[in-house]
Structure formats: structure tokens, C-alpha cells
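Structure first, commentary second.
Chains: A, B, C and D, in written order; residue numbering restarts at 1 for each.
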Amino acid sequence: MSGPREECGIVGVTSHRRAAEWVYLGLYALQHRGQESAGIVAANAGNALARRGMGLVAEVFDEASLERLEGTAAIGHNRYSTTGSPTLANAQPILVNYRDGFLAVAHNGNLVNARTLRTRLEDAGSIFQSTMDTEVLVHLIAASRQPSRDLAVLEALDQLAGAFSFLILTPDALYAARDPYGFRPLSVGRRGETIVVASETCALDLVGAQFEREVEPGEVIKVTPGGNVATLRHEPADVECMCVFEQIYFARPDSVVFGMSAADARRGMGRELAREHPANGDCVFSVPDSSNAAAAGFAEQSGLPLEHGLIRNHYIGRTFIQPAQDVRDFGVKIKYNPVTSVIKGQRVVIVDDSIVRGTTSGALVRLVREAGAEEVHLRIASPPLRHPCYYGIDIPKRSELVAAQMSSDEIAARVGADSLAYLSFDGLYRAVGARDRHCDACFSGNYRVSVEPGIDDKAAFEPTIATGIPSPLGQ
Amino acid sequence: MSGPREECGIVGVTSHRRAAEWVYLGLYALQHRGQESAGIVAANAGNALARRGMGLVAEVFDEASLERLEGTAAIGHNRYSTTGSPTLANAQPILVNYRDGFLAVAHNGNLVNARTLRTRLEDAGSIFQSTMDTEVLVHLIAASRQPSRDLAVLEALDQLAGAFSFLILTPDALYAARDPYGFRPLSVGRRGETIVVASETCALDLVGAQFEREVEPGEVIKVTPGGNVATLRHEPADVECMCVFEQIYFARPDSVVFGMSAADARRGMGRELAREHPANGDCVFSVPDSSNAAAAGFAEQSGLPLEHGLIRNHYIGRTFIQPAQDVRDFGVKIKYNPVTSVIKGQRVVIVDDSIVRGTTSGALVRLVREAGAEEVHLRIASPPLRHPCYYGIDIPKRSELVAAQMSSDEIAARVGADSLAYLSFDGLYRAVGARDRHCDACFSGNYRVSVEPGIDDKAAFEPTIATGIPSPLGQ
Amino acid sequence: MSGPREECGIVGVTSHRRAAEWVYLGLYALQHRGQESAGIVAANAGNALARRGMGLVAEVFDEASLERLEGTAAIGHNRYSTTGSPTLANAQPILVNYRDGFLAVAHNGNLVNARTLRTRLEDAGSIFQSTMDTEVLVHLIAASRQPSRDLAVLEALDQLAGAFSFLILTPDALYAARDPYGFRPLSVGRRGETIVVASETCALDLVGAQFEREVEPGEVIKVTPGGNVATLRHEPADVECMCVFEQIYFARPDSVVFGMSAADARRGMGRELAREHPANGDCVFSVPDSSNAAAAGFAEQSGLPLEHGLIRNHYIGRTFIQPAQDVRDFGVKIKYNPVTSVIKGQRVVIVDDSIVRGTTSGALVRLVREAGAEEVHLRIASPPLRHPCYYGIDIPKRSELVAAQMSSDEIAARVGADSLAYLSFDGLYRAVGARDRHCDACFSGNYRVSVEPGIDDKAAFEPTIATGIPSPLGQ
Amino acid sequence: MSGPREECGIVGVTSHRRAAEWVYLGLYALQHRGQESAGIVAANAGNALARRGMGLVAEVFDEASLERLEGTAAIGHNRYSTTGSPTLANAQPILVNYRDGFLAVAHNGNLVNARTLRTRLEDAGSIFQSTMDTEVLVHLIAASRQPSRDLAVLEALDQLAGAFSFLILTPDALYAARDPYGFRPLSVGRRGETIVVASETCALDLVGAQFEREVEPGEVIKVTPGGNVATLRHEPADVECMCVFEQIYFARPDSVVFGMSAADARRGMGRELAREHPANGDCVFSVPDSSNAAAAGFAEQSGLPLEHGLIRNHYIGRTFIQPAQDVRDFGVKIKYNPVTSVIKGQRVVIVDDSIVRGTTSGALVRLVREAGAEEVHLRIASPPLRHPCYYGIDIPKRSELVAAQMSSDEIAARVGADSLAYLSFDGLYRAVGARDRHCDACFSGNYRVSVEPGIDDKAAFEPTIATGIPSPLGQ
């Protein structure tokens, strides 16, 4: 799948001599969760400093900028926007100064009552600086009348609805919170006294931190110097809504999310897919790298040999220029090279994780046919994607989703495949566990947490004006 | 004088097809009032866009950036910081979005109760983005419960104390306000339906706008489309405190400030100076260009020939590098070239507008002696500068002011002049009018508007942390 | 293998409305051959314009810069330096103006008599602008007394010794030349009247040009408008020296080089390797992506299941910052993620294309063991790498090549593998064809073209001074 | 005068611990001679490093870049192009590496046989990198067969015709040469063992070097470590052609050029002008700063009071944006402020140094009339400017020179002056000395050194192509 782009990745580190450095590494490991912007706030003896920029982690930070981010605690954020426009103005973490010192916040998810809260705050005189729903939390904490910061944080979180995993850094502590339904993952690791909280466990692995546990749905933890992790509150909802798309596509295969290895989950999906929809092919290969595990599972179950039929190009710059003319399916050609010696004269089975608009699939099929494939069978390791997501994943509206418009056979015809089949819900949940603990609204349309009216309108919070008191950091 | 650096310049334009362009020109004409940063906010059909940058107007804006600032109303600001650190974070105009749309503010002056107001606002939950006292006004307006914007603006201005000339741009109108004592100048001009409000009349001249009147002390005017200028309120204090330093040094000589041509005022000071302190010289010359008019007045009154004894270098970049060694009085040499054929063998009279630390005067005297002057007589066209300013001018603290530490004769000895004399208060006010309408606290120590405790501490609002939600514009 | 970095890639296009655009695409397809700098020279009606920059093709060029490169003929170059320092000064193509108009040159290879020729030219008054051996050709052509450009080009090429594939662009024609031994590949493709000459066929594929033939060893072709391709001369040496490392590692798997698909060649090497050195494992996987084909061949021959045991990270920026401490094997961890579900509890066979210093192999083995592998068997799909290359490939000196210092068993112990085995020369040539047509000096030490003394000294042409008349293009 | 823009300034320094720093200061003092680009080459123990950039000296160099320019000898150059396009490619000094090490050259003047020499060199195989006539000298030296560098330098200089002052830096010595006619100034100063050679003495003054002597027309000196200055050759032409425009406008007033203070010369011109063409005015003022001295001379002779009637704006950025509309005479208004209190109701005499196209004069007269002048009398302190210059000064072609098209009275009418008068040749030479020692071709059309055909065609050396092997320094 190359359609739905990723949501956000967040990392927090405490009690580390150079906390920003580990946050940087964690963000790097979470780069797949957001490539639009990256930012780090580091706290040093009551003060805090932010650096945010457009682009990849490795582009936003260099040695000099990392070194300026001194301090023993830090939080970071990779963003792909789900609300708010794609500008630096909406890069995170947010850092503000208020009555009680500084407050820095990083968020993964999507609030479904942000507009209501914002209107209420503005009516009381709050001035918003961005179009991010995340800023609501900052104002709620600043405006709280609670006698302590702990209580102010809890009071503010209480007012939020939707999918969220938050990291909140203050002069005294790092707070980490997950919404009561547990839509988004958030894990806690440790290395000595250093605590690392991150969206996925792959961020813990890179810095050599040991996984300890997940932040639970509805839990707020408070991390203080010396590696102390305390639960401030734990009030889960009566149902769980773990995002199944994390298992299917988002999470890195080497991460453990919601208690399960994403690679195992995908391999299982591939096996179930082979069981449900075998294909009469000579070999099977993945669309690298997101469907590697599913393809291996398919090969294992089907007995077909696994091949490397497509090679993914490592040098695509984001600024790559489309030629003015002449080159068909250029966007796919520039990303994938077919390996003729694998494909030529073969009946190939291509396993992909999902289909969004169908354009990439069509181009891939053409590419593979041009490389000499006799037959092309597409197998999709998830159910048809038919609905948008209001909980933090950027899935296009229904009219752009090919599976919302067509049957599988019609899609097969459209993309030019000899056959095409999707994994069933049953198959999916045989691979990843109980359906009632997961949210699969993007496949089923079953939205279990209700949203405020008008949330479909993506421009809800778009700037009617470009605002801004400039940041002390320039960028 | 090269010591006290300038305050700020502000310009507002309404009902002009390309308002930002005229604001740009106005800022250019006011460049002498602040070279640290420049900014423009333009309003277009209910939306607003800001651009701010460090440096001169001509450096911050290019054609592309000016073109993006579309709209028929705009305000601009040149800054030399009097409070707040010299970073982009403190560049003006401030632009925010709040309940009632956008709000842009540009300020010239210094509030003497800003800290008190800020603390009160933060306690109620306001989050400040900068260390500028100007931001206080923005929050006061946003937090106002008044039923209309006009009333909210008046209520907010009511709470301010100190020296201020404000421009406030909203979707509907441009407001311009001067504090009840009238410390800082603010003039209104017109060309057709286009209204221009600016710190000095030279900004009106450059764009060909006709001077109409000053905004009066304690007056708030509201400018609306079609060239309508209405007085919302006019409540002056019982005394006037027009800054006499504007006449002596700040204002451009071709400006009319407080109803008088600055060039005429200075020429008068030069004449009075010659009357009070004649000098036995062969010729007289200025330290170009700030004392040109005073030197001409001195020459006229004394009968001594006026010469061009020093030439000012036009190519000094702000980033000019000091040589590691070897070159004495480099800072002055790089700025002024003595003209040997004027100076050699002559008894010269140098007229300067003021002396701050005395180091420049000393270097100038040495430079002129090295060029062959027989005698050097310094004449200063203002009284001894002995006190700091809390009303918007950046004069160093007493311990750095040479006239607060020494008599005129001691200063003469220190700078190496054969004689040195200052203009008296009587002479000064013979040249510029009634003393009781002016503030001369920096000369006399007579502060007529009281200030909040601790205001001397320049770091009062310095960031304890670097804060910031980044601006949508980056910079 | 991640050690020996790549050489250069060259592309030329004629008779295309926007030749630079196709050259850009060709360079993109050849990005694996050099990532240090990229450049294009476009010729338009007797004039030429160059753009060169440090970094990837997609970083050096944007739409605006490509559009400025107007013209119907163009050549381009990706560089990883084999001689000369890694600065923009040594980016190619070289473009100069001389008596007969402009002359642009792009080169892949390494001249072994460059110093001798340069000294001779300088003694006659030539002023060199770079430290590249390529510049020698430019001066030889400019200094030639031959009556035509064709003859001047031939005379100049005659004087060169070593490995080279050259593209030479003049106002009238594009020349392409390959050295008499045919060390480096160079292919000719066509689409309509448009001729594309490129290092590898994958560049032809991306733009949809049909492969026509290779430029032969010792051949010089001249391409003129309208798609005319003429052989100016064809004088091969009596032996061929096709670089076998192109087949093993350099060429993209989907390229046909020296008449053979690189993917097929590698798959064959993998099969031979499995035949020669079977391993008692549960599964086999590659070090993606360079050994994908060899691993698939190994799996096919051995019957072991092929897996995706390592995932290659797509987001590594070149500027990635090493953490100051704490993270072991960081360089490899940042590039490859082990897939625990594939590896845990398994006896794994890792197929790599080659081993240079052994450090990456050691880190990979540790990574895989930490992911739970029971046993790790390394299989290398080429013979031990023991000698430097003087023909255009950047292989370290012997003292850094682990296989020049140790036996296979010693290397296995050093990298921590349970077993390690290399492909034999016999096996290699069973896969790629006749040994006597190939150069394998880096494996065998058999240098068939002699080099000038001192060529080992990599600093031979290093600038004793930084020189330069700046280019009209700045960069 | 604001029309003919300046030529070039050159500085060389030897035997100074940080030679580049003094060259930087010297260039700064010579900034008026060229603002298009600046460059320095520093030599350190047989190596050399260059930095060149577009813009002012203070923009091109910062502390870091100056520090990299290590070494005890250096040369520098400010350029305003007289031939060659205004790009970085043509910035000087030129630095190349050739058989005998490095060679750096800085040039002030214009060669009148450059094209002939260049063609001859290219025919012999030389590859030119720029379009500057200066590069010819570099190739002549590199191609020389003379047994020593001294002889090679002399042989190369022998072949040049036209106006030139050259600085040539080699690993062993600094050479300074002036053409046999002595068109351009070049002075030698000393401070201890440090030798400074510069276009004007103001560069010596700034670094505290003592003026020793001029390089004589036709002289080549060689400066070696320890402050040794030897004459290699002294072969003057039989006439002198010192550029009288240096005295009128180019040289800084505090410089001594051709043995005379420029300020004295101009004051003399002003006195002669007042004698020849008295004016019935109330006061006299200059167009600051170029005619300050002439205006003072006029005032002295005429007895009219000297005033500061125009103030020159110090903040004009080169990138200043012209408003799209609305502002008449903007270019002059932005540069000069009229001082109303000086001008209003007065009959003013404006002294300017020269008139080129007449547009600035017209705008100035309007500006002064709008400020209330009763009468405006223009007095020009040089003869009518009627001919182009082929010796290094950028004067427009005849058709653009207003005095080549009109009589004085017609010009007066065109610019709107009540009267206008020029200084006579007699008056000019009473002020500056013998006419037969000077070149006044731009006034008289008397070209005493003949030029090669076609030199009028400014595009003679314009790049038919954009060439260039990029410089190791990028810029």
C-alpha cells in the first residue's frame, strides 16, 4: 500500500545526560509514522528549548542543533498532519510559557471535540497560535484553576474526546497519557534510570532500552527523575478500540504493538490470505517493504517460492521532479524496479497490504506485465478499505477509495490483474486476536466513538487567517 | 551622537490598492528609528498575513514577499528593542487570531506597568508568546468582555500606563492611539482616500501623502474604508510630555514632529549654542549627518565658515568585522573619514548633538588631530545626558553616561578637546518651545509619569525559557 | 556489502526536446553508481549550460534548475570520487569554452597515466582547474592540432590509458567512447530519433528507450541530430577486461551489463554458492537489497525457504548524526531492522555479496543473534576481496581488506558467524561466463593493464593549493 | 554625479601575520571603487586559498571566512565590471594552479588588446574560464617559456596594451605593475616590514601604513618577505595619461592620487567654477557626498553660505524595491532628503561633480523646488561629459550622455534649472595641474592610446556559452 499516509510518532526520554539525543534516535526509528515535520523540546533546569522543522528527522537536526538542546528530559514528534495545514506552524511539540513555567506537548491521534473546546477557550480570551487540535490541551492546562499541575493535567485530559496518546513535559515531570479506548499505541521502556516512552517499541530497541509495559488505555503516568514511573490515574472505557491498521500497515514490522509483533501479525494475515484465496502462480513476492511479512506468510502457507520481484529505490528525494511528458506510470517506476529474471514468463502472485485508490496497484501490475509476467494475481492482506478514519489516520474520503466504489472483480479489471482477493474479517482477526478489542472502522464503517458534527470538513480548523507571534526560535 | 540607539517606527495605511507597498516605503523612511527588525501585517478581506525579519526593511522584504502581502490595509514596524531580547520572537507587528478574527498591533514606546498586567493575565490562563510589553495589549483586547471591538480596544488601552503610540489593525478598521501625555509622535496624512498614519511626517512625504494632523495626546482614532477618520475618544492628561530627544536627535531632520520641523529646531539649537558658547575657531563642521543642522546654525550665528570636515562612510555592513589587532579607534575610522585639506592647520569647531559614553567623541577628536587640526573645540547642541529613559528610548544606565560622572571640563580633558560646552536648558527651549510641554527626564531626571517597581531591571521580561508555538509564516 | 562505494554513472541524450530532463531521469536511475555529486550539461544551439551540485540527483536539481538547462542534447554524471577530493570542484560534467566552442565531458573509470599527461600539458602552458583525471582529456582536445574535431577527439583518446567510458558533448555531436579493454559498461538505446547512451540499461528502461547495443571495447561512436549513430573507430585490445564487480555488486539488478542480466548473474552466483557451500539452516535471507538475487538463488538451489529477515531503512539521511555514546553497532542498526519473528530460534543463512572490512558483517551477525538466531551462517556470493582497484572502483587498500589478512575461518570467528564461506572463482565464472573476458584484479591481484608509478598514492593529484577561476554558474 | 559607476579597487599586503585581514580593511576603504563583487586570495607557505562573492566586502566576508584565509601575503579586489558580465564567474582575484605553483591576479583598468591576445592563446590550446580580460595575463604567464617567473611576468606584461594596474601574487613574491601611461593610480605604503600596495592611499590610512611612493607609470615592482621592494623594470611611455576623472569623482576625497589630495583638487575645481560661473543665490550646497569639497570651494570663493540642503540616506539596500506606482522621482527621493528649512524661499546653488544622463539632476531639481526653492542654479565642477572611456571607467555610450546631445542651456531647460554651467578645461587644469599629463578623453574625445577594433562592442567577450570547471571553493 502506498496510499494512506502515516500519522504521528512521539518519544519522550527522562533522566538521560543528553535526552534530546535519544529522542532524536527514537524519532528516527519512528520516521515511518510521519515525514512532514519533526521537532524536539528539551528541558534543562526549569528552562526549555524547542527546535522544529519541515522534513525528516535527519534533515531537521544536525549536530549543532542537537547540542543546543541540552537537558536531561526531552520529548519529540514526527508529524504527518491529520488536521491542520502542512506548515511549520503546525509542527510539534508545542512549547509555551505560562504562569507555572513551561509546558511542552506532543500528540499522536485525533481529538473529535477539538472545535467545541477551542471555541469555549477563545470565548474566554485564549489566543490560539496554531490550527492543531493539540493546542487545545495546552490552553486547558494553562486555564485550569486546579491547585496542582498534576490535577490541572488530569482535568484537562478529562475534557478531551477521541483518539490520543499524549506526552506532556513540564519542569518537574514527563506525563504520558492514552485515551480510554486505547486507539493509539504507547510503550514504556527503561535502561537504568532512563525512561523512554514511545509510540512503538522499535524506538526502544534502537537505544537499547528494555520494554517494560504499555501505557494502558485510560491511564496517565507521571515519570520523575531517577526513573520513577507512577500511575496518576487509570480509567479505561468499557471497550477497547486498538487501531487494527497499526498491525496491518502503520507499525514497523519489528515493533510490538498492542502486545503483538507486527511482523507476526502480518505473517499470520498472509497465511490466512493464502488459505482463503490461494492462487495458481509460480512464485509470490511482496510490494516491498510494507507487505514483506504478509508475502512470506503467503509463501509459507501456499508452498509457492518467495521471490524478490520488485526492488524498492532508496534514493527518492521528496523533491523528485516529474518529467513533463513521455514516461507512463512514472511515479511507480521511480519507486520500484521489477526484476525481469524473476518475473519473465512467470505467473506471479503479488501480495500487498491494502489498496487505497487503486492507481498504484494498476501501475504495478502494468510494470510487472511489461517485465514479462504471464499472469498477475493480486492478494491483499486486509479487508477492502471503504471508510475514512476520524481517529488519527489519513485515509481519503469514500469517493476516493476504490473499494467503496467497486467490487473486487471490478477492481481486478480496473488494475488489470488476472485475479484479486482480499483477506476476510475472520481471517484478519484469526491473525491478530479478538475483533471486539480493535477498531476497524476504516474497513467496516463501525465508528465506536462518536464525533462532533462537521468533523468531516477537513478545513474545520484551517486558518481563516495566517496568525502568529513568531517563535523565539525562528524555526 | 552615536550612542543611544533608536526606538521604533510605525506606519499604517488604509484604502490603498497595495497597502503593504506603502507601508514598506513608510518603514523605509523611518528606518532611522530602528534597524534591528522590520515587519508588516497586511489585511485582505478578513484575513491577514505577516512577514517579519531581522535587519533593515530592504533586507527583510523583497518583491516576492511584498507581493504576498496582499490587501488594502496594512501596518508595519521597525524595531530597535527597548524591552525584550533582540530576536525575531520580539519582532512586530504582533498578529494573532482570536474569537473575533485577527488582531495586529504595532507599538512605539514603553509601557511602565506591563509586568503587572502580564502577571494578572497569566493568572487568568493567558499564554504569552513573546517578551514584548506590546503583547499585553493583545491579550487585554482578547480577554475583554466588552460588547464591541471599539469598546474592547478602549478598555484595553485604558489599562496601560507609560509612553505609547499604537497602531491596531482589525478586519474592520485601523485604530491609532497616543498615550495621554503624548510622549511619542504620531501623524496622520492623506492622499485621496488613502490614509497614512506614521511616527514621522517624512514617511508621509515619501509616498506623497499630505499631512493632515497629529493624533493628539490621549486620542484614539478609528480609520475605516473610504478614508474616514473618526475620533473614538480624546482624553489627554493635564500635562504634556513630548520627548525633547525626538527634536534633538531621533526624528529625521526633514520631519515635522510635535508641530515643528526637526531641522529648524536643530538649527535653532546650533544658533543658541553659538550664542552661549562661542569658540575661537577657523571653521565649524558637523558629525554627519545627525548634527548637520545644528552645525549650520552654529556657523550662521558665529560667522565661522561651515565645512565638510568629516565624511560618513556609506558602505558599513552591520556584520563588519573588527580587525584582530593593530588599528586604533577602528570603529570611528571605519565610519568617518576626516578631510585633511579642511582640517590641516586649522582651529576646528565640531558640533555634535549629544554625548553618551564619550568614547566616540574621544576617537573623533583623535582622528581630527591626526588629520592636522591645531585646536579642536567640541560644542554639544543639547544639555548633558545624565539619566536613563523609561519611556521608550534606549539610553544606557547612569554609570555609563559620561556626563553623569564628570563635569564638562573633565569630559573635555577625557576626550582630548581644547574646549567643550553644552547647550543650556534655556537655550534648548528657546529653540523648541515651552519646557513644560516636553519631557527631558534623560537630561534633568524629572520623570513625570511614575513607573512600576523593578522596571530598571532590563531583564524583567526576558525569557526564562525559550517558548513558542511557531508562527505559520516561519519568519 | 556496504564497503566499497560506487564509482560513477554517466548518461547522454540527443535529439530530445528537453534532453536535460531525460538525462536527469537517467541519472536518477544510475544513482546507485555515485551519490557524492551530480551534474548536467545541456547544449542549446551552440551554447551550453552546466549545473553541478553536491548530493543526490534529486537534491541537486529542482524544476527551475532543470528548466534552465534548455536544449536538445545533454550529458550528465553521478560521481563518487575515485581520484580527486570530494568537493564541488571535482563534480562533473566538465564544461569549458575553447577555440572551437564548448566542450563538455563526463567520465566513468580511472585513467592510469593521468599524472604523466597532466605534467606534459602543464609544461606546455595548460592551466588545470580541477584535480580530476578527466580534465586531462579536455586539455588534450583543446591542444590538439588536428584539422577536425573528430580527429582531435580520437587523437586525445589515443593518449589515454586505463579504464574509461567517456561521453563528450560538442556543439555538433555527442561522442561516446569505451576503453580498448572494455572495463566499464556503456549502452546505447533509442526511442524514435532520441538516442540515449548510459552506463547501464536501467537508465534506458526508465525513459522507455529501447536497448540497441553496447558501445564496444575500443569503439568511439558519434551521435548526431536525427538519431544518427556512427562508429568513428573500433580498435579493441586483444583481451577484454570487463569488471566482474559490476555483475557482483555495482550494477542495478535490473540492468543488463556486458550482455547479461545482473539479476540472473547474481542468482546464478547464489545457486553456485549453495552448491559449493551448503548450510544446515532453517531459512535463508539476504542483506537487502544488494544480495537479494543471490539469496534467492541460494534458496532455490538449497531448498531452504527464502525469508525477509532484515528490513532496510528508507529514511537514512546522509547527515545522520551518530549518538555520542551508548548505542553499539549503531551504524548497522540504523540501516537494518532484524525481523524477530523470522529469526527467533532459527538457524539462519545470511547471503551477502561481498565482505570488505568485516565490520558490517560483524555488526549484522550480532544484530541477528540479538534477535534470537540459534545459528548464523554467512555465505558470500563472490571470492575473497583482497586487492585494490586501479580501474575506477573505490576498494580500500589491502591493509583494510579483511580477506587480505585472514582466512575464511578466521573471518568467521572475527564476525561471530557459526560458519562462513565464499564463492570460488570457478563458481563465479560458471555464473557469469568466461574468466578471460573479465577483470577480477580485486579478487585475484591479476592487473592486466599496467599503471604509472605512484598511482597507489591516492593524493597524487590532490590540490597543493585550492585553485580556481570561479565558474559562471557559481555552482 | 550618480551615473558612471566605479571601476575597481585592488590591495596587496605582504609580511603581515594576518595579511587577509588587512586586505579586507583595504578593500573596505576602497569600497567606493566597486560594489559588485569582492574577493581575496591569501598565500600561506606555497599554498593559496580564494574567496570571492557578489556584493560588498562586508557582505562577502565574515569572521569565519576571513580566518580561513590564512597566510602572510594576500591580494584583494573590489569589482565593478567594465568588461565581462556581472556574475561571480568574473569576480577577482583570479587564482590558478599551473606548472610553477599558484598564480593570483587582481586588476584595475581595461586592456585594449585583450581579444587579440585571447584568440592567440586559444589557438595554442589555452582554455579560458572567464570572460575577463584579466585572465589573459594569467595564461600569458603560464604559457611563457622564460626561465624565471620574474622574466615570465615581464614578458607577459609586455604584451598588454591599455590601462592597467596589476597585482600578481605568487608563492615567492607580490608583483605590482602600472601601465606605461599611468592611467590608474597605485600606491605603496609601509608599516614596519609590512608592505601595502593599494589603488588609493585611503586604504593605507585605515590600516595605519605610511605612504611611501606611487608605483610609477611603466614600473613593475617585486615585493618579497621582510618588506623588500625592488624595481624589476621601469619603462614609462613618453606621455602620461593619468585619469582626471579619478580627481573629479572616483577617488575618495581623503585619498592622495597622482600626488595630489582629491579633496584639495575638488575644492580647487569648486573655486574655479565659482570664478568662471558665479550664481546669484542665497546659499550653496552639495549633492552629498561626492561634491562636498567642490561645493565648499564654491562657497569659499563666492562668499555664499555653505549649507546642508540634501541629506543622503544611509539605509538603501541594493535590493530596494521600486513601488509599483504612485511615487514620482522615487529613485532620487529614496536616496536624498531635501532639508526644507534650508531650501524654502531661497535661491539655491547646487554644486555637482558631473552630469551623465541628466535624469538624476532633473529629479534633484524637482525635489528641491518641491521643498520650496525660489531659484535653482546648477554648477558642475567638471567639463561636459561627452565620450565613453576605454581605459577602465564605465561611462555610457555617447547616445546616453546628455552633454553629447545638448548644449548647457538645453540641459538647464531639460532638468528645470534656472541656470546651469560647467567648469572649463582651463579651470579644471588650474585646479589639478598640467593637462598633458592627464587623460580627459571622456570630456574631450582625445584618446591617446589606440584600441583594437570592435572594443566598443561591450559584448566582445561575453560568454557565447556559460563555461566552467567549478572552483574548489564553490564560491
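Following the convention adopted for this analysis, contacts are C-beta pairs under 8 Å (C-beta built on N, C-alpha and C of every residue); 3 or more make two chains touch, one makes a residue touch a chain.
All values reported here derive from a predicted model rather than from experimental measurement.
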Per Cα centroids, the chain farthest from chain C: B
Centre-to-centre distance between chain C and chain A (centres being mean Cα positions), rounded to whole Å: 37
Inter-centroid spacing, chain D versus chain C (mean Cα positions, whole Å): 51
Between chain B and chain C, centroid-to-centroid distance (C-alpha), Å: 63
Touching two or more other chains - residue numbers and ranges from chain C: none
Chain contact topology (line, ring, star, complete or other): ring
Which chain pairs touch, all of them: A-B, A-C, B-D, C-D
Residues of chain B that touch chain D when the two form their complex: 18, 21-22, 24-25, 28, 31-32, 35, 56-59, 61-63, 66, 202, 206-208, 252-254, 261, 263-264, 267, 286, 289, 292-293, 295-296, 299-300, 305-308, 311-321, 323-328, 333-334, 337-342
Chain B-facing residues of chain A, complex: 46-50, 52, 85, 87-89, 91, 94-99, 101-102, 122-130, 135, 138-139, 142-144, 463-475
